[in-house]
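In what comes next, chain A is part of two complexes: it sits with chain B in the first one and with chain C in the second one.
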Partner chain A sequence: MCKKLQILWLSAISCNGNAHSFLNYPQLDVFLDNFEFIYHPIIESDYTLEDVINKDLDCDILLIDGAISPEFKKMDEPIINIVDRYAHKAKKIVTVGTCATFGGIFSQSGYAYTTGLHFNQKNPTFLFKSLKDKTISISGCPIQPEVLASTLYAIKKDIKLKLDNYLRPQEFFAYTVHNGCTRNEYFEYKIDNHVFGKKEGCMFYDHGCQAPFTNASCNKILWNEVNSKTRAGLPCMGCTSPDFPKQNLFKTKKNMGIPQDLPLGVGKRTYLTLAGVTKAFKIKRLEEELF
Partner chain B sequence: MQTKKEQKKEQIIQNALSLFAKKGFYNTTIPDIAEALKMSVGNMYNYFKSKDILAKEIIKYISIYLGGKIREVNEQDISTEQKTKKIIELYFKTALSKPEMIDYFLRIYLSNREVFLDGCEGMICVNEFVTEIMIYFEEGVKCGDLRDQDFFSAFGLFMGYLGGMVFLKGENILPKELDEYVDDISYNIYKALSV
Partner chain C sequence: MIKLIEKIEGEARLNFSFDKNKKIDFVDIEFFSTRNIENILQDKPALDALVINPRVCGICGHAHLLATVKALEDCYQNIKIPKNAQILRELTLNFELIQNHFKWFYLTVLPLFGYKQHLLKATLPSQTIAKAIATVGGQYPHTSYAIVGGVVCDISAMDIIKIESYIDEVISYFENNIVVAKSEEFSECDNVEKIMIKDGDLPKILLNIKEKSWEYVGKSYDRFITFGENSYFQSGKSIKTRVSKNLNTDDVKEQLNQNSHAKNVTYKGKYYEVGPLSRAMLKKTPLIKDAHRRYGDSIFSRILSRVCEIPQLLKHSKKLLQEIELNQPFYIEPKTDISKISACGIGIVEAARGSLIHKVELEKGIIKNYEIITPTQWNLSNGEKKNLGISQKAMIGESDISLAEIIFKSFDVCSVCTTH
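After this line comes the complex of A and B, so read on.
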């Protein structure tokens, strides 16, 4: 067997949601044959957090989970010192989740200057600028287990991943959540007669769904190999986006009837022209229950 | 650059518009329009297969014309209040310089829906015009000038008011010229729509 890659899972200002989400990775046992967590907040590991802080451990990949603030400490050690020390040893750094990537919900925590490792929402930060070349971002609240695992396998196999402007692998983040949504027909004909939990209706027009302008693979790689939020009948909340979380997640923000956020790359006039045409027609099948 | 066929089509539309305004929609026939253009009826049908098809093309033509004019206003870097006035000005100006256009919109398109049922569903044939009005409203709300509300309650107030004034003018009831009402109407509409 090849050498297992050593991973350090370092939690900063985090709710541990990503660590829990990763436990749902269906092939976790195979994964653990290929990788070893020298420290993980939930999975059993050889070292303790105390060891991580006091010893000088070897690690191939540093996973940072949670937002970063110069004020935040782990066992009295500033998190930025721990990040700095292991980031320089690691071959690759992966920011796990939206908080570690953009600051996320913990941007609103009481700690001063809380941001992601390289971004404060959409804006770049400079504290760890020198580490940018070896960082890959996996945003999501929480991360999709398959996306993190596949990224780590790519690192193991030295596959060069094409990254977007936020350092996210395009393989997973070039798509929008809208791609593959089972409600696309309702979107096309502008029908949002959705009732939460039901199969019918698109949630973009009234219910706040952010899928058409959120980059992620939720409807391409299904969660737990079963489902996605939008398929199940819950609007996409845009959890992989730099400005997550927004407010009023269950209501589409509109100005005089026009959604404020339009599908990615679609101009206002194009959108309104299409909307005008499709709204002129009633498609009986789409007004009825599927079964 | 328009092709020869497009130019001819536009000529037909313009002649049809003035005949409709003079004689009425139902009293005007395709041979009448052909005669006004010194064309044979057979040749006319090369451009428009029926009067109903011509009727739909005309409303699209007017929508594109007015939509284009409003778009020019929407793209200016001016306040919503100024935009309101400019849109009202251009609507009245069109009613004055091309009365047959607004007349067609009010008296033929809105009053003879049976002609437009098939092919002009909803607002398809006036899409360019409605789109620009939507953008004017949306941008007004976004910059905090206009109150957010249902599109149609605002649209009805805006277009109903303007249409009503042009209609009164057409009936020779208005004591003054349309452009003399621009300031008051702009004030009223902006006041009614603003936050």
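After this line comes the complex of A and C, so read on.
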């Protein structure tokens, strides 16, 4: 068997949700034949966090989970020092989750200058600019386990991944959450009378669903292999986006009755034209209960 | 002497002091950092708390969602929550407890007794039961499917079949691995000895404890409290098996802690143990009563009671699932929009580690104040020598630091929750 890649999972300002989401990866056993965690916040490892901080360990891939602030310390050691030390040693860096990528929820925790590794929401940061070439971002709150695992395999196999402007693999982030949603027809024909607690209806028009303008594979690679938030009836909260979390998440922001955020790439004028056309439809099947 | 405790959803530092007989006479418990979730919530629209609060914790975020929705609903004078929604909420919370207990046993407990961590034995059943949560909630972790007025989903007969088969799969996993017996036999058993002679990973650990003569180790005040009540758990307090039912949440007080980012919590000035052992004492679960009668509130009873919840909650969940009426609603839109509500609310649930309390103050639907009291704050309160916290009291008198670590971890420590 070929050599296992050594991974260091470093938690910064985090809830550990990414680590637990990763434990839902179905082929963990095979994964661990290919990779080894020199440190992980849950999985048993050869080294302790104290070792990570006090010793100079080797690692191939550095995973950063959680937001970063110069004020935040791990056992008295500033997190940015630990990141800096291992980031230079590692062949690749992966920011795991929206906090590590963009700052996320915990950028509001009150630590000074809390951001992601390379981005403060949409804006680039400069502290670790020199590491940008070897970084891949996996946003998501939490990450989808398969997205992280497959990216790590790609690193192992030296596959050159096409990345978007936020360094996210396009293979997963070129899609919108809207792709594959079982409520798509209600969106297409603009049937906007969604109420919660129903299989029917689209949450984009009233209930704040951000799926048409959020890049992620939630409805392509299903969550826990079975479902997604929008399929269940919960609006997409835009948790992979640089500005997650926005405010008033269960309500669609509208100007003059038109959603403020339109599907990616769709202009206001064409949207209005399309809306006019869809009004001509009267589809009984979609106005009734499915079954 | 200082010891860093790792892999507890974060870290904690235990600073031990010893008396002249080299016995621990005090432990200072320090948690390093907080994420100030309560401050993040301030001035946010009320419903956004349903999205932010699951992110308190990666392993028990669902309990935080359910405490949040209850606190927000408590702000209404009249709100009707459909029975189906109440059942689903209770089910998905049960499922979260189950995944937690599997992970704790195979990832945390096994290594404490010299065995290798068994990652796959933890992840296989927890992945299966997470599928049951995702079937109704869309995903796990970090769904927000419980909203004010009910739940967002509308499940079908096929979903119920699916969930039932996930439950059955986990039951048989338990029966083949943790205690090799019919799970009914285990959950209805009233004699610890009968469990010890079975095959399985739990009896192995319990025997290990007895071989090392640790069955009496880790006793605290024998004082328990449970605030959350549902169709399975009962609220009340139990002091040396004397149970009283009347609790007033106004008597729950948080105190700032000088040395740590975690706040201490007391009820009428006293520390109480929360969690599975406390729940079992109040429910008078026969097997746990037997363990408690023999060994008191020791690590033996604590480990047994946590694992014992798995088959009991699975069995209860199967019953609950049958009570769903598919022709009835899962959500009823509240008559008043939350943006018109100015009130205070409290939401309490039983999370994996014990009672979780959320308190909210709304002004025209905007959060003016939010307070979260987590189970681990109860168990890991960092008291003073004259009034020790629950886990401190349990560690006092030992001379071996690694045994003290076992005692500490028998409370299923969660660092991110403790500090939040």
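The rule we apply is simple: the second predicted complex is superposed on the first by the 289 of 291 C-alpha atoms of A that agree within 3 Å, B and C clash if a C-alpha of one lies under 4 Å from a C-alpha of the other, contacts with A are read in each partner's own complex, and residues count from 1 in each chain.
The rule is short, and it goes like this: a contact is a pair of C-beta atoms (placed from the backbone, for glycine too) under 8 Å apart; a residue touches a chain by one contact, two chains touch by 3 or more.
These numbers were taken from a predicted model, which means no experiment stands behind them.
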Overlay on chain A: chain C relative to chain B, clash or fit: fit
Which superposed partner A:Asn255 touches (first chain B, second chain C, both, neither): first
Which superposed partner A:Pro124 touches (first chain B, second chain C, both, neither): neither
First (chain B), second (chain C), both or neither touched by A:Lys199: second
When both partners are placed on the shared chain, which of chain B and chain C touches more of chain A: C
Touching partner for A:Ser11 - first (chain B), second (chain C), both, neither: second
Inter-centroid angle chain B-chain A-chain C after superposition on A [Cα, multiple of 10°]: 120
Chain B versus chain C as contact partner of A:Ser228, first or second or both or neither: second
Which superposed partner A:Val277 touches (first chain B, second chain C, both, neither): first
Minimal inter-chain CA distance - chain C and chain B, angstrom: 16
Set intersection of chain A contacts, chain C complex versus chain B complex: none
Residues of chain A that touch chain B when the two form their complex: 254-258, 260, 268-269, 272-273, 276-277, 279-281
Chain B - residues contacting chain A, complex: 121-124, 127-128, 130-131, 134-135, 137-142, 146, 148-151, 154
Interface residues, chain A side, partner chain C - complex: 11, 13-21, 23-24, 26, 28-29, 32, 41-44, 48-50, 72-75, 105-106, 108-110, 141-142, 195-199, 218, 223-234, 237, 239, 245, 247-250, 291
Footprint of chain A on chain C - complex, ascending: 4, 6-7, 9-11, 13, 32-37, 39-40, 44-45, 47-48, 50-52, 54-59, 61, 82, 85, 103, 107, 111, 116-117, 119-120, 122-123, 126-127, 130-131, 133-145, 147, 149-154, 156, 162, 329-333, 416
